[in-house]
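Below, subunit A partners subunit B and then partners subunit C, in two separate complexes.
Entry: the complex of A and B
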């Protein structure tokens, strides 16, 4: 292949799932209690997308990765301290809310407009990556809408593998029902890949890479444009986090069969 | 309309406003990275922020899993424990202490960087921190005093290989401590020896090193050892530190693992070395004078330079334990009764559990306040050494060029004392009123600046090591007690029981408490330090004027009392006429050192609070919670200031009065009335006899007297002290209200749903 890929990954923060996530009614609609004070992590779906993109870029000469992040600038800065040493990328930051109560349509609009303005981005070589869902609000539609706004019609959802072929085409595995994959072959970029978990583990830390990334990340954060996203016109009737039921018993001598039977009974109930 | 109507409405409005204000000012979530970065002054250092995140992931991932799986239950260095070393390498921790030219990634001095890393690891397990820091300790002598060739050789071997590079990472051990009765507390008494094995004319001498070590960290796998040895040969002068390799000819016996009860994720052995090594392995090199090999640095000089930095890191390891205990204790307290048949969700028993009881909250406030104070003190010291490193290097260079060593160097430094004192005075004078030219001149003089900072460093380092670990261990016992029976089990969330034991080792290794007290007893009386101290009193008063409620005024009053006591003890004698403040009189000097540490920690905690207040608004993520954090940390400062003042007052009173002889009934001239003196007087001054019996001591005609040890002590000559002491007691006003407020916050603060590391 004569030219590498231009990989744009859309990904931002979600509250650390270990924290207490308590929905409350804020002045401007629903919110999470103390959300700005909670530690945040990279949305795990977007994380898979970023690591796949970095891996692909490293294996494909003349490729480059941009991470487009929409979130509160100060929280994004904290996030970068964790991910900068893991993958080579250039940050493009948008300063705005990243909670689970923004409307996917507005988020997609802001992301698409931002991507259009990335200097040096060749949209004919664009692989637009992101998560197929989000840990903050599983709308599952954002990437498709970003793709539409960028006029990319080849869109693949719940991707677990993306392999460039020698003839220039790209082979893609998408998750479908019953634990099976749908295998597609795409003529080439541009395309949208909304990733499921992918196949790669979280990359190890590379402090030197982190230092190198941070040289462009800090200016990018300073230049972050405000993005007006919210949920205009949307009325939230009810908001709640998924309920957990914990009935813990400590049993040390149960057989696997007994455990399986008990789990099935519990599910049936 | 009723005339009461509008008034009632106004009343309701103001109540609503007050409620909102109270909510705003409450501690809403546990302080996160944004708060810590400001408090500990690395908000602008993304290299350090990244390092913290990387080490945290390591600590709360592989390290925590290992502890939870019971890896601490063996003395031996197992394959499982050895796997940690690879994790250190992969996280970037191994290269954190190296300069970029040798494969590191943090520019400049790395005291704060290493302190933060040790803090993060100790949040979960102190042994892993010791293990991670041990190679840095082994490299310490080389870093501080090694030749450029030695630095390049060993630093670059101790970092992970770069892509495409094939080599094994070297690990080091630092061997100073020897089997009893040799080097331990007294680092000068060495039994390890070095002799000339072969020395041909014009060739490099070959040395025979004999050394037995005790409690040597990293010994199970170290590829090299920096060992302290004394000359055992008239052709070698004095002592030195020397580098030994595992493949040097002779015996490199790693020895038996130490059966230690703590820090089991670090390897500790009692090794034996009998090796032939070239003289070029002497750390810092050597010269040959009149046929005698003279090391450029003796071992004491090298370890002093090393320990003054690494001891700060150890102090922070205990601070991390205290702060890490807060969340598990809150979770335990709240969940204590959940699951009981009669405990309904929503009831106070269900939601607050033990937190309904004031005592457990107050005790947790004390633990948290101590943790904040010790972290504040430790990180301040680490930052100071980062600033100080280049200044000290400059001083070393200048003195080396001038050929000044040992006493000659001390003599030269003594000359700098006067300008250093002048600088401190000018620095405290408002810019408009001071001699600007002279101030700039002194500020630009790096030797003067060395004196100015060295005086503080010489106090802060032992203070951190002593107070953070010693008092920290005491407070960890409190933390264990707050977890009930759970606290002393391996299942205790947050590994609090293990941390308590680990803290005791931290109070011991790298110089036990007595060594630190001894050092403080000398350094805290140096004029340059005392000049700083006087300025700090004024600084605390200014802070108190601006920010009442922080406890700054209390700290200032306690500092004045300490200073008065020090002056008094320096001049006073005990009842037997023996001078009090003397090197060997540790009953006097050591408590004064202890008292000082409380003050230094409390002062730094207050300064950190001011930094949070000043820089917090710059961070948008903090906007929502900042008022609550500031209010809560203000209360913690106040609580800690009161504890510090209490300790200082108690210790100073004991020392000031404790060496006087108590008046006795039998002594001649006892300071009391005799009944037969009073009776005649009563005729002239009716009522004086009764009055005297009410207010003072009277010996009756039959020799009987009030039932007590003797006449009450007379405070003549001590008015200044008693007045300051009385004032200090009054300064505690409000401290318990602050504790109550902080305790209330603990019942409301949001904690994570589950711990972020396995237990």
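Entry: the complex of A and C
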């Protein structure tokens, strides 16, 4: 391969799902209580995309990773402190709302317009990565719409593996229905890969990498352009977060067999 | 695979490296970052020429908001840093309102009470017509001034840390890195030259695996240690340099708490502060602070000087919650969060060497907690601000961070501060508890009312010097042979011994309601959200197996806040399960087996580790 990849990863924050998440009706629509104070994590799907991109860039000379992140600037900064030590990237920040109450097409529009303006980005070498269900309330449409706006026709949704071949083509393992995979081979960039879980574990924290990243992250945050995204014209009638269901009963002297039988029955239901 | 002891490590030079992000480091970085943002004078980095001062902070937990404490504080130091502080800007914060100090009688007759205390209880019950006694409790008509928190604040430490951290990171002057445990200080030439981050990609035993990444050496002109009472760096410094002549670190407590959605019918207004004494054991203090939106922080403190080998904190917490006086406010409530931490209760008497060449210590691990006023967060915060003032002075004068310079710039400031003056008053305030609960209370009162001139009691003792064996403790109540039988039954069934013994001694079983009264493991999962990222070695180590095999008390098992330490196979060395550890560190100071060559330390090493509690509301 004569030229490396230009990898653009779209990824932003989600509230840490382990915290107490309480939907409220805010002045500008639905929100989470104390949202700005809740710990935020990188959207897990986008996390897989970022780690796969960093791995690919490290293995492919002359490659570079940009992370395009749309979210409240203060929360993005908090997020960067947890992901900057894990992967080498250059941040491109957009200051705007992120969460479950924005419309995918507005988000896609803002991301696509931002990507078009990245200095030095060669769109003929572009691998556009993101999470398969990110920023879409699980509809899985955002990356597709970003790709369309960038006029990329090769799109792969729910990707678990992406392997450049010796001949310059790219082999892609993609989830399809019924727990099966589809193997595709495309001529090369540009393409869209919306990642499912990928194959890589979360990288360890590298303090030096974190410091190096921060030298470009802080200026990027300061330059973050406001992004007008939301859900104009959409009315949320009811909002609730997924709830853990828990029914505790105190049963004394139950045998192991009885407990096992009850668990099996519960699973069957 | 390389041996971690000899591996080559990457080196990262910075100017100031901080260890641990809590209130002390929050105070330090807040003061420092404001001056750096002011830019007059501008401080250039010596570590990275051409760059501004490089200030980094490494926090062990996965997020800066995962600290544990329900806080009632006078907030002197915090308000000095934020004169316009609006509690409404910090979730769960509220001005202190009505305060009550309550003596809880024993409604079950199972509490371990002395004859004096039983007599007191009988007298109180006899006088119930003329005393404000209700729900098996006496609301004391007067709270000593030294205990009052009037004009103060109620805080969730996790939310306060998050609020402080957001401002710090927004300033762009300092970097706070969560999820980065620090394993040890870099000890060089009689001083500290920085810190080493923990190795990653290890198995539980500490052997490198495929993703092995040696912890980086962070070299710094100044290392600021604010890693709390059981932090690995502070411990190592104490081992290496010892404590100043006459100082002791023998008083500890484990604080176990919950954040609770109070029932709708609860009438306690936000700002209410309840402090309790007397139950479930006389020495166990309790607290309940009411936050806005009908939530509350509540919990107990189980002290090291409890003259009992039964240390089942969680079980005690449940019995405390079910005391009629407390339960009237909680019945129908729901747990939101749960956690536990160690408190260093030696206070000023446990002060380590505050400075040395290249390092300074702040916060709870530096002996700032005031055990008379029951306050630690504001004191810790203030030590951080005092250090920052000293550091800025040295930076402006272009003087190095030597012991002498830090003594003049930081220690002298601290000696002249209210933290020191009040710490001196409190220094011997709790010594009376070595002699019993009633004398302990009298001693506290005496020390408080005489500004520390008078107190009761003697030197604090090590755990092994005063904690009886289970057979000794239950003599006359449970035969020794039955204790052994219960021990064997619990070992074979994997159930906690201390709870079984409590039930045998008369404590009733806890009827779980699935909301507030839940099993210990449910509290870990639902409340603490405990996490243990892969790739890190076990951080609790039993150093000499033969000492564990001969141990009768096994306090480490009973006191473990997360049930992460279990008896192990065949009554040998206890087993440690990292996935349940909440990093409270209670095992460290509860061990009754003296480490060879160091009688002040037990047979457990409590090292730096990742993960633990994962709730932002504690």
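Assume the second predicted complex is superposed on the first by the 246 of 269 C-alpha atoms of A that agree within 3 Å, B and C clash if a C-alpha of one lies under 4 Å from a C-alpha of the other, contacts with A are read in each partner's own complex, and residues count from 1 in each chain.
In this text, a residue touches a chain if its C-beta (ideal position, glycine included) is under 8 Å from a C-beta of that chain, and two chains touch if they have at least 3 such contacts.
Since the structure is predicted, the reported quantities are computational estimates derived from the model, not experimental observations.
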Subunit B versus subunit C as contact partner of A:210, first or second or both or neither: both
Contacts of A:218 with subunit B and subunit C, given as first, second, both or neither: both
Touched partner set for A:72, first subunit B, second subunit C, both or neither: first
Touching partner for A:38 - first (subunit B), second (subunit C), both, neither: both
Partner chain in contact with A:21 - subunit B first, subunit C second, else both or neither: first
Contacts of A:81 with subunit B and subunit C, given as first, second, both or neither: both
Partner chain(s) touched by A:201 [first = subunit B, second = subunit C, both, neither]: second
Residues of subunit A at both interfaces, subunit B in one complex, subunit C in the other: 16, 18-20, 34, 36-39, 74, 78, 81-82, 85, 204-208, 210-211, 214, 218
Parts of subunit C lying in touch with subunit A, wherever the complex brings them together: 10, 12, 14, 54, 56, 58, 62-63, 65-66, 91, 159, 162-163, 165-166, 169-170, 172, 175-180, 197, 200-201, 211, 213, 216, 218, 336-337, 511-514, 518, 522, 526, 529, 531, 534-535, 614-617
Touching residues (chain side subunit B, partner subunit A) in the complex: 28-29, 32-34, 46-47, 49-54, 57, 90-92, 95-96, 105, 619-625, 750-756
List of subunit A residues in touch with subunit B within their complex: 16, 18-22, 33-34, 36-39, 72-75, 78, 80-82, 84-85, 204-208, 210-211, 214, 218
Complex interface listing, subunit A residues touching subunit C: 16, 18-20, 34, 36-39, 74, 77-78, 81-82, 85, 201, 204-208, 210-211, 214, 218, 222, 244, 246-250
